[in-house]
Amino acid sequence: MKVEGKQAIWKEYQKDIAGDKYFYVRSCVRQNFFPGSETTFLRIMREELGKDIYEHPCHTTCTGIGYHGDVVPLDTMMTVVARQFALMTEAGYQNLVPSCITSFGIYTEVLDTWHHFPEVEAKVREYLRKATGREFKIPQNLAHASDLIYKFRKEIAQNAKFKLVDKETGKPLKVVDHIGCHYSKMFPEKGVGGAEYPYVLAGMIEDWGGEVIDYPERRHCCGFGFRQYLVQANRGYSVACSHKKFESMEPYKPDMILTNCPGCPMFLDKWQYAIAEMEGKTYGKDGYGIPVLTYEELAGMVLGYDPWDLGLQVHQVSCEPLLDRIGIKYDPLKKYNDKNGVSLGVPEKPSVMKVS
Amino acid sequence: MNYDPFVLPLCIGVIILAATLAYKYLYWILTLSNADKFKILKGLFSFRFFKACKEVFLESLVHRKVFKVNPLLGYMHMSFALGWLLLILGGTVESKIHSHRPFNAPYEPVFFKFFNHDISMYPWADEFQLLMDVLLLFVLSGLVLAIIKRIYSRFFGMKKTTKLRLGDRAALMTLWLIFPLRFLSESFTSGIYHNGGFLTDGAGRMFATFLPLHNLSYISWWAYSFALGIFFLALPYSRYMHIFTEVILIFLRNFGIRNCKVYNSFSAVEVHSCSRCGICIDKCQLLTSARIRDTQSVYFLQDVRNNTVREDKAYDCMLCGRCQEFCPVGINLNNIRISKRFDFTPGNKNFEYISQKIEKTAPVIYFAGCMTHLTPSIKLAMEGIFRASETDYIFLDKDGTICCGRPLMMAGEILKAHQLIEKNSKLIKDSGAKTLVTSCPICLKVFKEDYLLNIEVIHHTQFILRLAEEGKITLNKSDLKAVYHDPCELGRGCNVYKEPRQLLNKLVDLQSIKNEAEYSLCCGSSLGGLQLNSVQRDHIRIDTLAALQKPEHDLLVTACPLCKKTLSKGADSEVKDIAEVVWMGMKG
Amino acid sequence: MKKKRVIVIGGGISGMEAATHLASMGYDVTLLEKDKELGGHLLGWEKLFPTMRMGKDVVEFLNKGITLSKVNVIRKAEIVNAVKTGEIFTVTLANGNKFESDAVIMATGYDLFDARKKEEYGYGIYDNVITSADLEEKFLSGKPILTSKGNVPKKIALVHCVGSRDEKVGNVYCSKVCCVTAVKQSIELKESIPGVDVYCLYMDLRMFGMHFETLYKEAQEKHAVNFIRGRLSEACENQDSSIIVKVEDTLAGKPLRMTVDMLVLMVGMVPSAGTVKVGKMLGLKFGPNGFLKSMDQHTMGTITNIPGVFIAGTCAAPRPINNVFVDARAAAITASSYLEGYDIEKRISYS
Amino acid sequence: MSQLYNKLLEDVRFQEGIKACINCGTCTAICAAAEFYNYDPRIIADTVQSRNEEKIENLLKSETIWYCGECMSCKTRCPRGNAPGLIIMALRALSQELGYFVESEKGRQQLFMKRVVGGWILTYGYCLYLEGIGTNMYAEQGPIWDWRQKNWGKVLDRLGANYKGEGNGILRKIPEEALDEIRKIFEVTGGTARFEKIEKFSKEKAEAMNLKFDDGIDNEYFQHIYSHNNNTHNIE
Amino acid sequence: MKDFGFTINKDRQIDMDTADMRVAEYVKTHEPSFNICIACGTCTATCSAGIFTDMNLRKLFTLVKRGEIANTRTEIAKCMLCGKCSLACPRGVNTRNVIVKINQALIKFSL
């Protein structure tokens, strides 16, 4: 493997990311599964970096899962998206930052479609007017939340309390990155580093001291597939995709998986549990799973935030071995407490995969 | 009774030979099907028995068919077979007359001259001396030819002669020694006692001038006996097994027993009846055109005998039937080849998907055949002829669907072929037709041979000729010069030679060619040869076409869609099926 | 009367052959070549399809022509300016030398497609992904073909249409020579590495030339090269630096994966940098694929929009060597008739 | 010219998704669904490209169009710039429009998507709502999800959420007026009509299949489409 | 082992690294013309069995070459060996014998 070759490609896909004043759009999946990540994102952006991130109380889902589940028609989706744009315009913002990759993909697709089919944009404007009376301007800059963390990765590194380094051996941790399919597969030029060797997460890993591991099935989808996971009858496909990835990354013995998509970390996390239950196989060291982190969790981690503030306790695969390896202190007794320090009980242990 | 220890080798040989043959023949006959056994029983007490005897004389002794094909070779075979038999008969009679006893020790006639020095004591002694020496000379002349053939087969006009195995070698060597030794023994003895005829006595007198005959003569009798004994011992394990087996075969065949495509003990009798005359070798286009030197029937039968049939040798033969046509023993070589392919064709077939129904009934059913669907002009011509003759017919494979089963049969997939045969039979039965017409001789063969149809099965040439004779169609004669290529499956396969020619004579100026009728060459595309590659097939096609070029003609006519398709590639003149020629003429 | 002058730009096959013929007709011919040696891409190819004759034989043939007909050859010629003033062309080199002529032959050739642009194939990233030109260099060196780790490869895949027929890289045309090159190199690989398995991953096998199909059949029949119809989707590197390829075997109707020790990308032709540079200087028109545009595809293949400028060889379109020869001679003839005062444009009766 | 093909052409995604396909198989080679289902996006493109009415109708009624996971990997790679994923989306839309989706096992699952995801969107303004994702129906969410289920609010609270609260924040209650706007958009743009069609055709199919059909998720038909798998989807 | 109501779907990719090539090798050895197939589909187009069923000889041959032999036995059983494909083949592949050899190989390797 020649890194210079990759670097040359990364250089081809430099993305223009706005420096401040963002209109923030939340992610349905993330709010449910990784609420700590969104909280951490805002904390880093606002508190560490002092950026203006605006959230509108009336913004809603982009209908992405409904759209990609094919129950929400294209026009409906586009009009809902237009409504988000209208809220942004009304709030006086121009830079849109979605927390969700599928939302990011949808916004990109909508903008591209309108670019190629102006009549569609006109039709959507009409729909929005009719339904809500709102008008909108097209965002000037569209970046995914991970693009922002990527943009400020060096600043984060400067403030970092920890590096992605094994404290025992001093060697960089081996990290595999998993990019949400809708980040750049549809529009390679819209993602940092393009579609084949996206740099958005790799850049964070490198700058925070880790080593990016390239494994053959790196680009494979996690298997969500919208209807493919949500309907039980189809889940065999969904798990098979993740399974394929685990089998492919296993020989590289990664210390963690880093993701930038809402669904992927949940699937890569939960499928490790399910595969262990179904086939008795685990992929991490000593019978544990491979910890799966969101980029916000990782950023928070290197910045020295309390792991339980980040929400690592809601992962099925335990992150403690990773924290130990880096040397991050945490209080195991507080893991399952509520905000006020009261214990909420301890989750049951899986029968195969080891957890802390 | 005369006795000397040297008679023992002969006696042992004869006894063991007799026992072996008895065992083998009984085993084969007993393992025949009951129906076949019944045929033997019936045949033994019928006129057929005498017919068989006559055939034995003509074929096994005189070798009439070999004579026909190759007179020199025929003479060679005859000299051995007939000459030796007459020697034995003559000797037996002579010894009986001499001894005045109806029964002698069996070796007495063989060693007559050793035991009987005085030859003036019995009637016709001189005549006997003359006769026996003439016969010996007759056999010896054959021997000289055999040696020449082995050394220089071109002398016989043959490209190649057969190869030998150990049993054959032993038998051949001793066979070659028997008669020279007999000649020497008798000559030496005659040199001392003057009891020989013109040949042996003359030679004896000459030998006596320079050889110590008293010592040599006894040794030579020993050698003679040994040669005979070893020959008889080796005989069942050599090609000479054919000497006796062919007789059995002739009887069985005259009793109505035929081989089928499954190997059985009648097939074994056929296989052992092969005299390895080698006539089949250079009749085989695989040798002459495709340069395949080791698959010809004589080798194949040898492999069958030795249980060493190789798959490629089972599969490369085209089943054109030329070897069979020329085989003096009349072995059904194609069926034996197919029966051996059967051993290599495992695997299942499933034709459940075929579910055709007959829509109407009609007196005539037309089966174009797969190959005809690849040459649609033949199909169109036939449809035109049917229309013009107002024949009420069913086009059974109009959509180009069901195969007749012959290709499977040829590939040795006999059981699977029967699955198709059953399906098609039902359709044909349901049609209520009285006549089945097919354009493809391959189909014709299987319809005639393997379908148990109670209706007439004919080729379209036969059908068209009948239409013309009945005045249902009018044939227009053109002045085109044409030659006719007999398709293997139509000619040798189904014995249809006459009708195509009658028909063509009404249509064109038909020229005769060299390899006609039963000697016709294969076009090279035969479905029989599975192992042949396209280059080998091309060689055959090119050579066949070259042979068909003479005399000059405007039209090359055949009666098989496969031949037509094959020969069209590279022919100097136009190639047409008879049906097309007819239809062309009718359309004007 | 003074000899008419012709400048031939580019010392590859087309330039050398056009120059040879023009000189033999009695023109004063100057051949400008940017490198220190004449021969162009041909210098980098060992054996040529379909006959497997050596590339250097052809170079020798060309050189002999140049010598015998006394072409004035300028090597290491870097053109900084080329203009037409009145009927006269003036070409200026970096060293300040100026050449004047009455006609110009553009024989500036092609460049190989930069395989790094097909990111998903990992050229320049994965150690065992090489191009057809790299492989040819290996053949030319005479050294054994080895993987990056110095092992004898057991399985090699050749990818057709790299940089050709691909909107993703902006090249929608077929480069013509890659299919048969793949077949040729497969055979060479089979011959030089005993027991190696070779797979060609193709979309269509465009065996358009005489004997190309025969070569293809030979690859199948004699060398048992495997042909899989499917365009490579992506290549990934294994830990042992072998390459996993993913294609659909479209004839089997199934996705297919395979680990190979070496992946060879059959790179197509793109207009050379020189073609673009000099073409622009002279004000020549470019076709939609970036190659020089002729006045008419059928009837005026060597004639450009600038009277007196003629195009030969692969600066106009991807072509195999035999066509380039024909093309070069055609350019020489059209240039000559132009110099003798013949105006082909009179024949144009269509728009 | 096929009527159905013309209908497909009305969808901009279809226009974007297919120019002239060269059948190279790049899409299939990278397709996750093709790895695990008897599925070949190349053939989908080829089929629609044929413009054959019957073939397209069969496609719309088939299982095939429901295998795609819409990851759009195919769009990245196609040398002709096609996107079978977008073709699929257009086909799925038309299949629902015409009621053909109920002819396939996988297509019938659209009722699930409508009632669950569609329901969440219109009720909560979110595509997913944790209270609907119990480990009863999503057992692979594991013991950690069990634990969260017992403590929905408190865990969210611990992680800075504003669960069911007013104003901003994670899983806040989206104001009713905003939800009304969304519902209005659905009505204006055909979202509601799509939902109604899915319900109508599903109901008819349930009757034809003799399965009890009712609102909500606790009826025979719904449970059937949610969990039934005839296990022939990866057989050639 | 816990039952989640589904199992992990099996991969249906052709994996050339693990493919069982015994049948393909056997056929290539015994009928070398198998190598020169250009998968043009003429055989399939002329196939009689193909009229009644979806048997696809061209595809079958391709699959055998990729070691995909799961359905070969049932598919090949439909062949009537009529030989039209052999005659139609532009490359002179001895298709009839290829079929016979495939059958033999399946038996030989108990597949």
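Observations on the structure shown:
Note that the chains are named A, B, C, D and E in the order they appear, and that numbering of residues resets to 1 at the start of each chain.
Criterion: contacts are C-beta pairs under 8 Å (C-beta built on N, C-alpha and C of every residue); 3 or more make two chains touch, one makes a residue touch a chain.
Since we're looking at a predicted model, the values are computed, not measured.
Common partners of subunit A and subunit C, by the touch rule above, are D, E. Among the remaining chains, B is positioned farthest from subunit A, on the basis of C-alpha centroids. Per-pair counts of C-beta contacts peak for the chains A-D. When every chain is represented by the mean of its C-alpha atoms, the one lying closest to the mean of all protein C-alpha atoms is E. Ranking all chains by how far their C-alpha centres lie from the centre of subunit C, first place goes to B.
The geometric centre of subunit C is 49 Å away from that of subunit D, both derived from CA atoms.
Subunit E has its Cα centroid 39 Å from the Cα centroid of subunit B. Subunit B and subunit C have CA centres that are 65 Å apart.
Centre to centre, using the average C-alpha position, subunit A and subunit E are separated by 45 Å.
Multi-chain contact residues, meaning those touching two or more other chains, occur in subunit E at positions 2, 4-6, 9-13, 32. Residues of subunit A found to touch two or more other chains are 195-196, 219, 232-237, 239-240, 244, 274.
In subunit D, 34-37, 76, 140, 227, 229 are the positions where the chain touches two or more neighbouring chains simultaneously.
Pairwise, the chains that touch each other are A-C, A-D, A-E, B-E, C-D, C-E, D-E. Chain contact summary for the complex, subunit D toward subunit A: residues 11-13, 15-16, 32-33, 35-37, 66-73, 75-76, 83, 89, 92-93, 96, 105-106, 109-110, 112-114, 116-118, 121, 125-130, 133, 137, 140-148, 150-151, 154-161, 166-172, 174-175, 177-179, 181-182, 184-191, 194-195, 198, 225-229. Those residues of subunit E that touch subunit D in the shared complex are 2, 4-6, 9-13, 70-71. Remark: subunit E residues 30-33, 46, 48-49, 51-53, 73-74, 76-84, 87-88, 92, 94, 96-97, 100, 103-104, 106-107 touch subunit B in the complex. Chain contact summary for the complex, subunit B toward subunit E: residues 311-312, 315, 344-351, 353-354, 370-371, 373-374, 399-403, 405, 407-408, 411, 413, 420, 525, 527, 530-534, 562, 565. The touching residues of subunit E, counted against subunit C in their complex, run 12-17, 28, 32, 35-39, 58-59, 62-63, 65-66, 68, 91.
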